[in-house]
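Each chain carries a letter (A, B, C and D) given by its place in the written order, and its residues are counted from 1.
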Amino acid sequence: MKILNYGIIMNVTIWNEYHPSSKSGRVYKTYPDGIHVALNQIFEGNEELYNVTLVTQDEPENGLTDLVLNGTDVLIWWGHIWQDNVLSSVADKVCKRVLDGMGAIFLNSAYGSKPFVKLMGTSCKAKWRETDEKERLWVVDPSHPILSGIPETFIIEPETMIGEVFDIPTPDELLLLGWFPGGEVIRAGCTFKRGRGKIFYFQPGHETCPTYYNKNVKQIILNAVAWANPVGTVAVENYITHEKDMPAEPVEVVKKSKLKSFFRR
Amino acid sequence: MKILNYGIIMNVTIWNEYHPSSKSGRVYKTYPDGIHVALNQIFEGNEELYNVTLVTQDEPENGLTDLVLNGTDVLIWWGHIWQDNVLSSVADKVCKRVLDGMGAIFLNSAYGSKPFVKLMGTSCKAKWRETDEKERLWVVDPSHPILSGIPETFIIEPETMIGEVFDIPTPDELLLLGWFPGGEVIRAGCTFKRGRGKIFYFQPGHETCPTYYNKNVKQIILNAVAWANPVGTVAVENYITHEKDMPAEPVEVVKKSKLKSFFRR
Amino acid sequence: MKILNYGIIMNVTIWNEYHPSSKSGRVYKTYPDGIHVALNQIFEGNEELYNVTLVTQDEPENGLTDLVLNGTDVLIWWGHIWQDNVLSSVADKVCKRVLDGMGAIFLNSAYGSKPFVKLMGTSCKAKWRETDEKERLWVVDPSHPILSGIPETFIIEPETMIGEVFDIPTPDELLLLGWFPGGEVIRAGCTFKRGRGKIFYFQPGHETCPTYYNKNVKQIILNAVAWANPVGTVAVENYITHEKDMPAEPVEVVKKSKLKSFFRR
Amino acid sequence: MKILNYGIIMNVTIWNEYHPSSKSGRVYKTYPDGIHVALNQIFEGNEELYNVTLVTQDEPENGLTDLVLNGTDVLIWWGHIWQDNVLSSVADKVCKRVLDGMGAIFLNSAYGSKPFVKLMGTSCKAKWRETDEKERLWVVDPSHPILSGIPETFIIEPETMIGEVFDIPTPDELLLLGWFPGGEVIRAGCTFKRGRGKIFYFQPGHETCPTYYNKNVKQIILNAVAWANPVGTVAVENYITHEKDMPAEPVEVVKKSKLKSFFRR
């Protein structure tokens, strides 16, 4: 029989808005080649298992052509100030792919991205304060595979604050809570299922902070990719089925003779 | 009927697509004045508690002007074949109002309505078979207020089949399961929270079936209106707060004196 | 204060371990007549709606005779150091009553009480630090009736720390998150359903802190009592039913003749 | 970095009450060597990945010595009429091991077993009817790894009825719904987390029915074992930490320099 995730090769696409403004100043100092390149390092040493594609917002179709999207098992999305300019047609295609089974990991400010907001159905707004502070994360779902190898608590410093009240639907699973010295808390690691696709939102990772070089953060993202991998997902086709297409059981039931005998009881 | 939240006057708006095709034939025989008028009977005898407004899709702005929407505590929505023609601008306003606290009850085929689909973020498709069968409902959340006064199981006959796989997000609460003789099941009563608004989806009620005259169905809808009533909801304003607006806490935390005493323990 | 479910008279029993050690020193200064008497003040002014009984651990059967338990709609439990001495037979009866529909509100250190631990099925252990700090609470479920009238955030000072990792099952609903200056967070307001009974765990309220005089805390407990009130709960009797006792539908199905016709399809 | 479930060897223990009465008659005809031996066939062909131990209730300590339990990653439990005779001390040790991370899969009538009931905190009673019928299962969580490779619906025939109202806590995840011709439904596949352990309840599998030879049933149980595998679980030790043991965070937070820079923004 099939063994879960036994050497499965996953096609991962890392999307970064990579705005020109991030190619200088503090963001550049932190991520000289862009956050997408830093995230790519998570998969180093496992090239035989992960086929990673890097795309950025200023490419045609925001880098997410049908060829790229249809070949993606798990999409990692980092965006912030510029992501409102993502084409709605592209955002719609991303959502469609998630409903069809593509995994999606939304990082940090991506809680405000068009695909995430559309998949959630809420405003996805949160409180925030942009200054160097620190964040302390706490595990509240210790047996979740996304937290495999993660200590019960760890600190990310510096990090900027994103806090409650965070306007998301109740997560299917709450994995991590974040604490900030300014008095705020956040549901920092949340899973959601939409259609046949799995979604993980992970709050840390402001563009001016070296968060994506953090060992625990890298492990969480790597675990999340394995968790969100759609390989093996149940094929649920033709959600709308007309009578004639229904499986044997109902067809038999509704045959006039059968129905008669059925109603006779 | 027993009223929960006794003493709170609620503004309820009942929306029905009320397509001309429903003004003749079997639908007419079942609901001569329209499903909205049948649903209005649920509130009879409690006029002092419920201020009910009836609107239909063919009215200007689909009957949901700002005046109507902003004055609605709980919206009951019944639609089917015609509801794709609801104006997107109206659907967007309904969703906005739900996020701001308006309760919403979506009945039967309204799982495919523009506002419900947008609030869920999924396709909301299901299997269905249009033929007179019966449905048996089972309570799986016996202490939920929406099920107050409902027996653990009851039958609706005739009813048409809407079955799994039903492409909705995991409900916040699963209240009722539906059984059909053809071999299907359905999550027939589900609650969802979006923003500050509460949503209840209730599957029974095909236009050709006298479901909305059923005592248990009427009680469930009446209970759901009380449950979804936003009166008393926490006012969560200004989801995005800029630094200067943040509460005093961060400052207090770091007051030297406090910290000293904090050390001293 | 605003009363939900106005017009329903509820029988509330407040249980306090009220250990002799709490009748002197700082606990005495904070709650001279005991925490149970302070909690009773929550219902002042609504005597016509609430029939409140106060009991303490050193009474016969720990104050929870069948007469008291069977007459209780909602039980409020405060206990700490001494609660391990509660009779197991009494703890079992409390659990049985909850499964039969009695509401239960467990406060602060009562996360370690025999009935709570038994109802949860986990160790219910948490981190803690006993020193005067403060707690900041954040609403994460703004439309929940237990949070009716509560601001999105408020501070309790002084309060002692109870923090994650808190070994409870995933709550049915997460209402409040708590923040502590020491770097900890806690799921501070959680609901659970067990059988036909509703359970609310609320973390603030260490015996040396005047938490139960706090306006928001009092409102939350008052709301929780209304929420947990079993009046109107579905009567789900005879969970185990033998064939002959099954409702009409199955009996018909299994009649030999019917089964024949059934299998013939 | 670590790859999830990449060739991990799992220690699986299959527990069967294997009552003498099952060694003759219809149960014997269905499972001549016992249900535990039939379940063991699920792992055939993957001996390099699974180290399977078979134990039965009539062995000393019900077959669950410390040596066996402490060496078990995932426990599969099948029991029915005789399981009330399991030693309470053994049931307690099983629960303790689950809270410490051992996975547990409870099959069919094991919903009434001492460890399951204790871990749930409810009566775990359900309706049932012992007669050859059939069960139709429906997938309601299509992206769950336990359902990998399973069609959206499949039939088990013959099977006996276990139906709602099923007195369990709200499952963390609802994977499968069961349909019976007699008019009943059941939450047939449910996951629960308790402590650091994962629990899967799967309803099909009456001792007189050849359910455990069913291809889909075997795949679901194999998937569940991989899902429940505790390898990689976060080590959450010392749930109770005294002040002196608390992490350094509080001190760091209040370093004057940090705080100044905190003010300066």
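Note that a residue touches a chain if its C-beta (ideal position, glycine included) is under 8 Å from a C-beta of that chain, and two chains touch if they have at least 3 such contacts.
Nothing here was measured: the structure is a model prediction, and the numbers come from that model.
By number of C-beta pairs in contact, C-D leads over the other of C-D and B-D. Of all residue numbers seen at the chain A-chain D contact, over half occur in both copies; the interface is built from largely matching residues. Listed candidates were C-D, A-C or B-C; the one reproducing the A-B interface, defined as more than half of contact pairs identical by residue number, is C-D. If you average the Cα atoms of chain B and of chain D, the two centres end up 35 Å apart. Per-chain CA centroids place chain C at a distance of 28 Å from chain D.
Multi-chain contact residues of chain D (touching two or more other chains) are listed as 136, 139, 141-142, 152-153, 165, 170, 172-173, 183-184, 193, 195, 236, 243, 247, 249-250, 253, 262, 265. Within the complex formed with chain A, the residues of chain D that make contact are 1-7, 42, 45-46, 49, 101, 136, 139, 141-143, 145, 147-153, 155, 172-173, 193, 195-198, 218-219, 222-223, 226-227, 230, 232-236, 247, 249, 252-253, 261-262, 265. Taken in their complex, chain A has these residues touching chain B: 95, 99, 118-123, 125-131, 165, 167, 169-170, 172, 181-183, 192-195, 236, 239-243, 246-247, 249-250, 253-254, 259, 262. Contact residues of chain B toward chain D in the complex are 136, 138-142, 152-153, 163-166, 170, 173-174, 177-179, 183-185, 187, 243, 250-251, 253-254, 256, 259, 262-263, 265.
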